[in-house]
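Here the chain labels run A, B, C and D in written order, and each chain numbers its own residues starting at 1.
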Amino acid sequence: MIIVMSQSATKEQIDNVEKKLSDLGFKTHPIFGEIKTIIGAIGDKRLLNLHSISLMPGVENLVPIMKPFKLASRELKQVPTIVEVGDVKIGGPEVIVIAGPCAIEDEQTFVDTAIKVKAAGAKILRGGAFKPRTSPYAFQGLEEDGLKIMASAREVTGLPLVTEVMDTRDVELIASYADIIQIGARNMQNFRLLREVGMTKKAILLKRGLSATIEEWLMAAEYIMAEGNLNIILCERGIRTFETATRNTIDLSAIPVVKEVSHLPIIVDPSHATGTWKYVNALSKGAIATGADGLIIEVHSDPANALCDGPQSLRPTNFSQLIKELEPVANAVGRKM
Amino acid sequence: MIIVMSQSATKEQIDNVEKKLSDLGFKTHPIFGEIKTIIGAIGDKRLLNLHSISLMPGVENLVPIMKPFKLASRELKQVPTIVEVGDVKIGGPEVIVIAGPCAIEDEQTFVDTAIKVKAAGAKILRGGAFKPRTSPYAFQGLEEDGLKIMASAREVTGLPLVTEVMDTRDVELIASYADIIQIGARNMQNFRLLREVGMTKKAILLKRGLSATIEEWLMAAEYIMAEGNLNIILCERGIRTFETATRNTIDLSAIPVVKEVSHLPIIVDPSHATGTWKYVNALSKGAIATGADGLIIEVHSDPANALCDGPQSLRPTNFSQLIKELEPVANAVGRKM
Amino acid sequence: MIIVMSQSATKEQIDNVEKKLSDLGFKTHPIFGEIKTIIGAIGDKRLLNLHSISLMPGVENLVPIMKPFKLASRELKQVPTIVEVGDVKIGGPEVIVIAGPCAIEDEQTFVDTAIKVKAAGAKILRGGAFKPRTSPYAFQGLEEDGLKIMASAREVTGLPLVTEVMDTRDVELIASYADIIQIGARNMQNFRLLREVGMTKKAILLKRGLSATIEEWLMAAEYIMAEGNLNIILCERGIRTFETATRNTIDLSAIPVVKEVSHLPIIVDPSHATGTWKYVNALSKGAIATGADGLIIEVHSDPANALCDGPQSLRPTNFSQLIKELEPVANAVGRKM
Amino acid sequence: MIIVMSQSATKEQIDNVEKKLSDLGFKTHPIFGEIKTIIGAIGDKRLLNLHSISLMPGVENLVPIMKPFKLASRELKQVPTIVEVGDVKIGGPEVIVIAGPCAIEDEQTFVDTAIKVKAAGAKILRGGAFKPRTSPYAFQGLEEDGLKIMASAREVTGLPLVTEVMDTRDVELIASYADIIQIGARNMQNFRLLREVGMTKKAILLKRGLSATIEEWLMAAEYIMAEGNLNIILCERGIRTFETATRNTIDLSAIPVVKEVSHLPIIVDPSHATGTWKYVNALSKGAIATGADGLIIEVHSDPANALCDGPQSLRPTNFSQLIKELEPVANAVGRKM
């Protein structure tokens, strides 16, 4: 950590800061510049509450040197993490596609869609039983009935299941049905929920918050990992910007950034990122070519009558076509499908 | 609602859309322009899932005419809501200041701070017992012990209490201690938590999410109101932008916008909005002059040793000075303190 | 255009709005809803200043139906535009790579880099003679001497040249050297400069502004086209968001959006978008797979000693490697290199 | 400056960085931490191109200690700058209001508005002769005829004039009419234009760019000051964010931030910031209470028929009322009007 003293800091103020740092267990190294003095403080004290320093008289600001996350960092673990869910490996040479409808509406439609996305090449099945909706008057999901329908579809297709949890009280229930538990974008900093899923043994799909920096996203992963669950799949799903032509702005640069600073696998959700099924094909290819470990795509057998997010859902035929077009892209960057 | 048909829409496609709208219970009014056709659809169908229309062949887009919130709207209720907490009235002619430390650390410090902020003019006491922290390694709050300390401070000072809830499982516990329950910025779209506090009779302090539009914020209020709890105080606390000179960007224009479209009272949190105690004085005055119904300000008797958010906390003397300087500003815009 | 009347609008106010619209040459179609009245106004009046309507008593807001750009729109011209610069065609089946250093520093280095990027596969040479720099104390470019050096490099390599213009006074000079004139991100709404380059016959590389919506970007193209110059290449170069891990946030979703609403070709600048050479390879592949018509990439023979933007420049060997890796990606989406 | 070496940096790499810094004229101070090494480099080398260091093997990143602006900084000049325009002093104890229409349309309307805003209390007259418009089909201003009309209004009222320059070729012309030259938001980083107005002796009203950080804004001021013109008035006019309820998001926290790091005066433009005349009153009060040195407000005698920005213009009666309401607010924070 570096402490930058203000131009007008007195000798006494500098001495006081050095003493305080020393009391906290740091070794200090002052550097007296022509205009300002800085103090280097040696010691990895992630747990310390260092703002006490920033408020001392004469201190201008603090510059941290170490990243705030540890378990999620590539500095700690240099080999990429591969999350295994049944036979499916996320983060390895194979690009994994997760597919299914936004919300589960009824058993027949869901099982039908599940069969179709499997035939097209999906490896994991998604579906929403508990739905976060902006309006209290919108369809909120079938809850446990939805989970039961998902389990039927797994029996029929053999595909592992991913579904979202919104409430700490539901974690146990959802963990008893799902293979992967999803933390939605709006709950990325629901810290109690993060801790709760960290106490399960399930793989966690952690979506990036609408306005979360990559560092905050990795700190959310750190919350889960700090409870002992290391099976985390990051999911970029678009961030909020000033642009209104798409529902969100997909941030594909998050892929190489995450790969550089973390060992966790990262997939992309082009359906939520764009909000429009017409753009899903192009950005799915873009995500894979950029280095994503997989995709999560909304597919509905009848988007015009979907109870949720119809405009961004692909029909099974379009999804099947997309998978065909994705394979050469994956191969072009040395991946398999 | 207006349906805009694309330039190339056929007569048959237009007919189909009209028929579908009619089946859904709308009266339709097509307008044939020189280049495009639009269809006006009459009927207040907030509950309908209208994207089925947007996916019909020939449809370019849908333009909603009605606002999505109802209970929170000024169209429904034209008289401003005054939230009463004990003797304190929020939303009336008096500007209300809420003050206290970010986190409760120990009884003596908290009660001491409570006495001081009351003496300075605060009308409500804030304090955090359950703390949302970006890092899992940071202090997470004293939990129920913190609530007990808050209750002691209320006994000593008579000030009503506001504290944050982060987990649906804690709502009952917190409601048994607090006079106002706070929903933090990161939980503004934690819809299950919104419903849960909507089922209590307590006043709710609803902070705006970091990247929430004003419309989404009012939809979050609508969630609470839809459960029967109409005692909501909105709180602007800064939004996330590209600017890094302040922790967040305080959006004071939210005040006149909220006053125009809603009847709910709105207060401002300059401490979290700026992240720096030095800017709190100026922006507190700015908020009151712009028309805010109150402020919530972090005050700590020893910011340099605070376990949380020290850099944005005022010392009691600075707080006392601020209140003195605020009074003429409140008077200048026709309010009392 | 749709005029939404407020809930409390009187019959007389509605009549007045209809009369005013009629006076302006519109045919009007009022629709009386249960709660609000709307008025459809037929007529393509892009040139009219319609806010006069929005200020009439009883009017809540105006909803435009037509896009504000015309010459740049796909509604006007459905065949994609191919911009030809010498033998190079931008917007056709071939993916075009533009390469070169940020700034021209001296003849030997520049010609040397030009030879190397040509050998690697670049089709157009970039270089800055007039440089927009955030600091007045940073290197500002060699100006006309730089243009002469560029011309020498064109003689040696046969590659066409693209370089930026920053001042209306320099348009003629730069047009006498360059094959493509670049409008930089900071000048995207320098309307006088847009008009001035619109009066030349040169191809224009129009970079997206840091905070420009796609619609504003196309309106900037419209400014150039309105002067008679239709040879425009759009260039996505990252937008400004809250994320700080990259210099800007690359918005690859702009590619399918632009392709849908406009006929103009679009290329991507991953060097400026990310600000870090390490991320250029991944995002170049992502851009091509998403459907970009080309790339513009900073290459410098000695980035550590570059006078400008060294951290985002590739070395010629890395650039050569990138081109090799791009070819299978281009092929995978049906393009050539 | 601090150089942070990566965890895996070798002794030789550290030595090389030290040698390079030493060659560039810095004194170096390495600090060997438990995990990483950092190197403090002493010397104020604003002019040096330091990224060469950032690209050396083993270097993780560079942390600047000094601010990049100098002439605009409070470190250089601690007394606030007061810009004098005729008898008007901006930055002193008096709050200054600038008012007038967006664009000049005809002499009678403009002179009439000028007389009314003067009577209400405006001290400076604004008007646009050269207008930056998003659409090439919108009214572009009366150009020199507009300047002549402004000069007539000055003769009648005695009010000094502020008007915008958009093109380096017009600086001389505009300087011959105007008392204050405005640089608009879209030209804040039009560096050639900044230099050109820096060579005049006129006061400069420098608007903040739509997506400019406060630091970039002060660097734009530095460009002007580096040419010898120190008479700069900063103007906050809203920044671009995700919120759509207002045209831009007014950033009043810029006021205390600018006051802390710079000696330049700062005023606020609530008309452009909000885009809606209804919000101008509230935010004008907010700006003054926060500490702004003045306001610039759009006033038009007939907003419904204004050729530009009517929706955000006040009528003279509303403006007059606003000034009356502002006075007690100014007094409440120790200012005069």
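Keep this in mind: a contact is a pair of C-beta atoms (placed from the backbone, for glycine too) under 8 Å apart; a residue touches a chain by one contact, two chains touch by 3 or more.
None of these values were measured; they are calculated from a predicted model.
Rotation angle, chain B onto chain C, C-alpha superposition: 180 degrees, expressed as a multiple of 5.
Chain centres computed from CA atoms place B at the largest separation from chain C. Of the two chain pairs considered here, C-D and A-D, the higher C-beta contact count falls to C-D.
Rounded to whole angstrom units, the spacing between the C-alpha centres of chain A and chain D is 38. For this pair, chain B with chain D, the centres built from the Cα atoms lie 31 Å apart. Remark: chain C and chain D have CA centroids separated by 26 Å (rounded to whole angstrom). Residue numbers of chain B whose C-beta contacts span two or more other chains: 211, 240-242, 244. Taken as a graph of touching chains, this assembly is fully connected, with contact between every pair of chains.
Within the complex formed with chain D, the residues of chain A that make contact are 2, 4, 7, 29, 31-36, 38, 40, 42-44, 63, 65-66, 75, 240-242, 244.
Residue ranges on chain D touching chain C, taken from their complex, read 46-47, 49, 51-52, 54-56, 68, 132-139, 166-169, 186-187, 189-193, 195, 210-211, 216, 219, 222-223, 226, 240, 303-311. Interface residues of chain D facing chain B in the complex, by the touch rule stated above, are 211, 213-215, 239, 241-246, 249-257, 260, 273-274, 278-279, 282-283, 285-291, 325, 328-329, 331-333.
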